[in-house]
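Here's a structure for you.
Order of writing sets the labels: A, B and C. Residues in every chain begin at 1.
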Amino acid sequence: MDPRTTLEDLWDALEESPFHRTAIAILSLFAFAVVLIMALAGAHLISLPFMADNASFLLVPALTSLGATIISFSLGIFGAIPMGLVRSFGPRLLKQGRLRAALAAPLYGGVTSYVEAIRGTPALVQVFLVAQVSTIIFPGNPDIPFWGGVLALTLNTLGYQSEVFRAGFQSVNQAQIEAAKAIGMRPRQAFAYVTLPQGIRLITLPLVNEWVALFKASALLGLVAVPELNWAAGYLGSGSARGRPIEAFIMVSAVYRAIIIPLSKAVGDGERTHRIPGLGTPEPGRGRRAGVRRLVPAR
Amino acid sequence: MRKSDRRLHPASHLVRRILSGVIVAEAALLLVYLAGVFGTYDLGYALSLLPPRGRALTTGLLTTLGFMAVVIPLGFSLGFAFGWARTSTAWPARAVATTYVEFFRGMPPIVLIAFAFLITIVLLKGNDRIDLFAFATGAGVMALAAHSGAYQAEIIRAGILSVPTGQVEAGEAIGMSKGTILTRITLPQMFRISLPALGNEFASLIKDTSLLSTIGALDLTFQGKNLSSVLITGGGSLDLVIIMWVEIAVLYFVITFVVSRSLLAIERRFRVPGLEAAQL
Amino acid sequence: MITGVNLHKWFGELHVLKGVSLEVAKGETLVIIGPSGSGKSTLLRCINLLVQPDEGDVIIDGVKVNDPKIRPEWVRQQVGMVFQSFNLFTHLTALHNVMIGLTKVKRLPKAEAERIARFELERVGLADKADAYPAQLSGGQQQRVAIARALALNPKAMLFDEPTSALDPEYIREVLDVMTKLADEGMTMVVVTHEMGFAHNVADRVLFMADGVVVEEGAPEEVFERPQKNRTKAFVAKILG
């Protein structure tokens, strides 16, 4: 078997697979990073032994970050689904007559103001507020920083996730609801068999984006005495004696990216479209030249 | 016989929005009142903090606004440049732009800012001729701008790709010059499409300026940390801490609200019926 | 069999239906033509109560169906509807699209539902596409599945809202053929369409609507070739060239 043909076949197969662009992107970035690090080490600008010795120091803090994110995110889902329902069906209820409006208005108003407040204020301020209040209420308790932080993250993600669910519920094509009614389904049935299944498909991508955003926000916990990844990296990077920020940055980058990049790519290069789903990048197609545009005529 | 459907009056959207703002303000006041349940409700203190009387928050507010004024144009310039490069036909430009975007997107901004600060200090230490702190803070600001720029680059790229290719060809066909096509055809459409997403990113950027407080910038959040540590070491009065943070949060909310609304108004002013971004 | 009596409908300030009456006998095919905005789609939706008339009555097979005591869902099982944009459930295969009305609305056991569904798909000529998803089907095929979905509930009458308006020209024929076959089999049909050929050949009566009122009605030859009212003359002239 001619080795060159096999290589060509392999390359063709790779090109046709849907993951090829992603795989090449990740691999080339990784290779680039490795080469850069080797060069810097070679020029004695950074110390590889430092990184090797302290790698294990990052392990527990990394798990703390992950744990905090997972706990907050899961708690958030429970609250966000009903909130999303209220936000998406609220306006309709408000139009339906005085009794329903009277019952729905405070709920809708409450949920809306909560979501607007969370989205309109910096996460850092929210973290400081909640963490400090927790420490004052339960002084001296060593677990409080972590759980106060988790509470802050949960309240934060509730605000954003509810928008994901709201958009999901509202994005289901209204015409399909009409068709469901036309074959005799009751509104509850139409919701269960048409809105829900399609809504779930629509929210998966934005939810993963929100998880990634929450994971990035967990870095803020390091500022309120939680021994997580950002704090650990700062520890390694500062202090005049032991501080080697360049190496620390390389290490902490590696950890964050190792988690974030696969997740983002798995949902197709999730844009952080500012935590409002529904404004996604149009994926222009899979050819090599597809993502390229002549802004101005050639010549 | 049911009541006929009533089309929602266009003004009621604005009314509802204003209502939400009012509700948020009321919620904040309610929180402040509840704080009074834990301790003594000190309206005087609450009012004394607010700008322009309260010096701390006034300095903080002005500093935050100052950082905004620097970081937003910076981020946008980076975003525009790299967004355009991402769609370039020259592969080196694309490679560089992609590296930039991937580098600044895969990390929490706080880490980028903190390490820009630390690394600058380490690199420039020992140089007595320059103000080390100022440089390092500048590096942190650059890191923030670069982070936002990475997201804006993707938005701009999406906007560019949404402009139908035929438009450029049509421009050529009627004999327009390269520059004219760019300024008269591509860019206007691209901006209209990208504006909502860009507005969101600006709002995020404004909130992220709070991260600069960790590298010593005297912004609103920094004042909060300062004041709260004074309050806590001085006896941990819960209600005052809550009042203070709520006021800071409200100030941020007002800033982002004003900016978002302005952008929305600009968007409406330039809206062309039928030209929308990826519709869902 | 279907009677509409003096139907009025307002959308906000807009008076869309201004006292429309119609009558469709069993087995008859009524075609409604008219300019856009004349209220044709609204009239159709009043029959299966997707739109509630503000005044007037809708009587199907002797039952006054807009009576608040009557469940709209029951009415919609008596009268099937086919939409301009097909509105197939995109997350279900063709077979499941047809079956879902039977399993969830009529509560039939799955085996029987599947049997009926396959029969209806056969009837519209798409037995081999049972396991395809709507996104994999052409416009004409999607519309035929939509027709099968409506037929599966064994309705007494079928409503068609511009069923071919969203189709590429090469697919219009196949859908019209299915509709012609249905008419020949004796189905009571009310069709809103711009397809004048269909109206001419298949309709028993034609109704011309404009600005929310019925301007003229009669046999196809009468309305197309010997229109009485000026409005009708103008519209027919524009359509038939």
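Convention: a contact is a pair of C-beta atoms (placed from the backbone, for glycine too) under 8 Å apart; a residue touches a chain by one contact, two chains touch by 3 or more.
From a predicted model like this one, the values you see are computed outputs, not experimental measurements.
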| item | value |
| --- | --- |
| Innermost chain by mean C-alpha position | A |
| Selected pair, greater C-beta contact count between A-B and A-C | A-B |
| Chain centre separation (subunit B, subunit C; CA means) in Å | 51 |
| Between subunit A and subunit C, centroid-to-centroid distance (C-alpha), Å | 46 |
| Cα-centroid distance, subunit A relative to subunit B, in whole angstrom | 18 |
| Interface hub residues of subunit B, defined as touching at least two other chains | 6 |
| Interface hub residues of subunit C, defined as touching at least two other chains | none |
| Residue ranges of subunit A in contact with subunit C within the complex | 173, 175-176, 178-186, 189, 193-194, 197-198, 201 |
| Subunit C residues touching subunit A - in the complex, by the definition given at the top | 48, 50, 72-74, 76-77, 80-81, 83, 85, 87-91, 100-101, 104-106, 146, 149-150, 153 |
| Complex contacts: residues of subunit A adjacent to subunit B | 25, 29, 32, 91, 95, 97, 109-110, 112-114, 116-117, 120-126, 128-129, 132-133, 135-137, 139, 167, 171, 202, 215-220, 223, 230, 233-234, 237-238, 243-246, 248-249, 252-253, 256-257, 260-261, 264, 271-276, 278-282, 284, 291-298 |
| Sites on subunit B touched by subunit A in the complex | 3, 6, 8, 19-21, 23-24, 26-28, 84, 86-89, 94, 98-99, 102, 105-111, 114-115, 118-119, 121-122, 151, 154-155, 157-158, 160-163, 165, 168, 171-172, 178-179, 181-182, 186, 196-197, 200-201, 203-204, 207-211, 213-214, 221, 224-225, 228, 232, 236, 238, 241-242, 245-246, 248-249, 252-253, 256-257, 277-278, 280 |
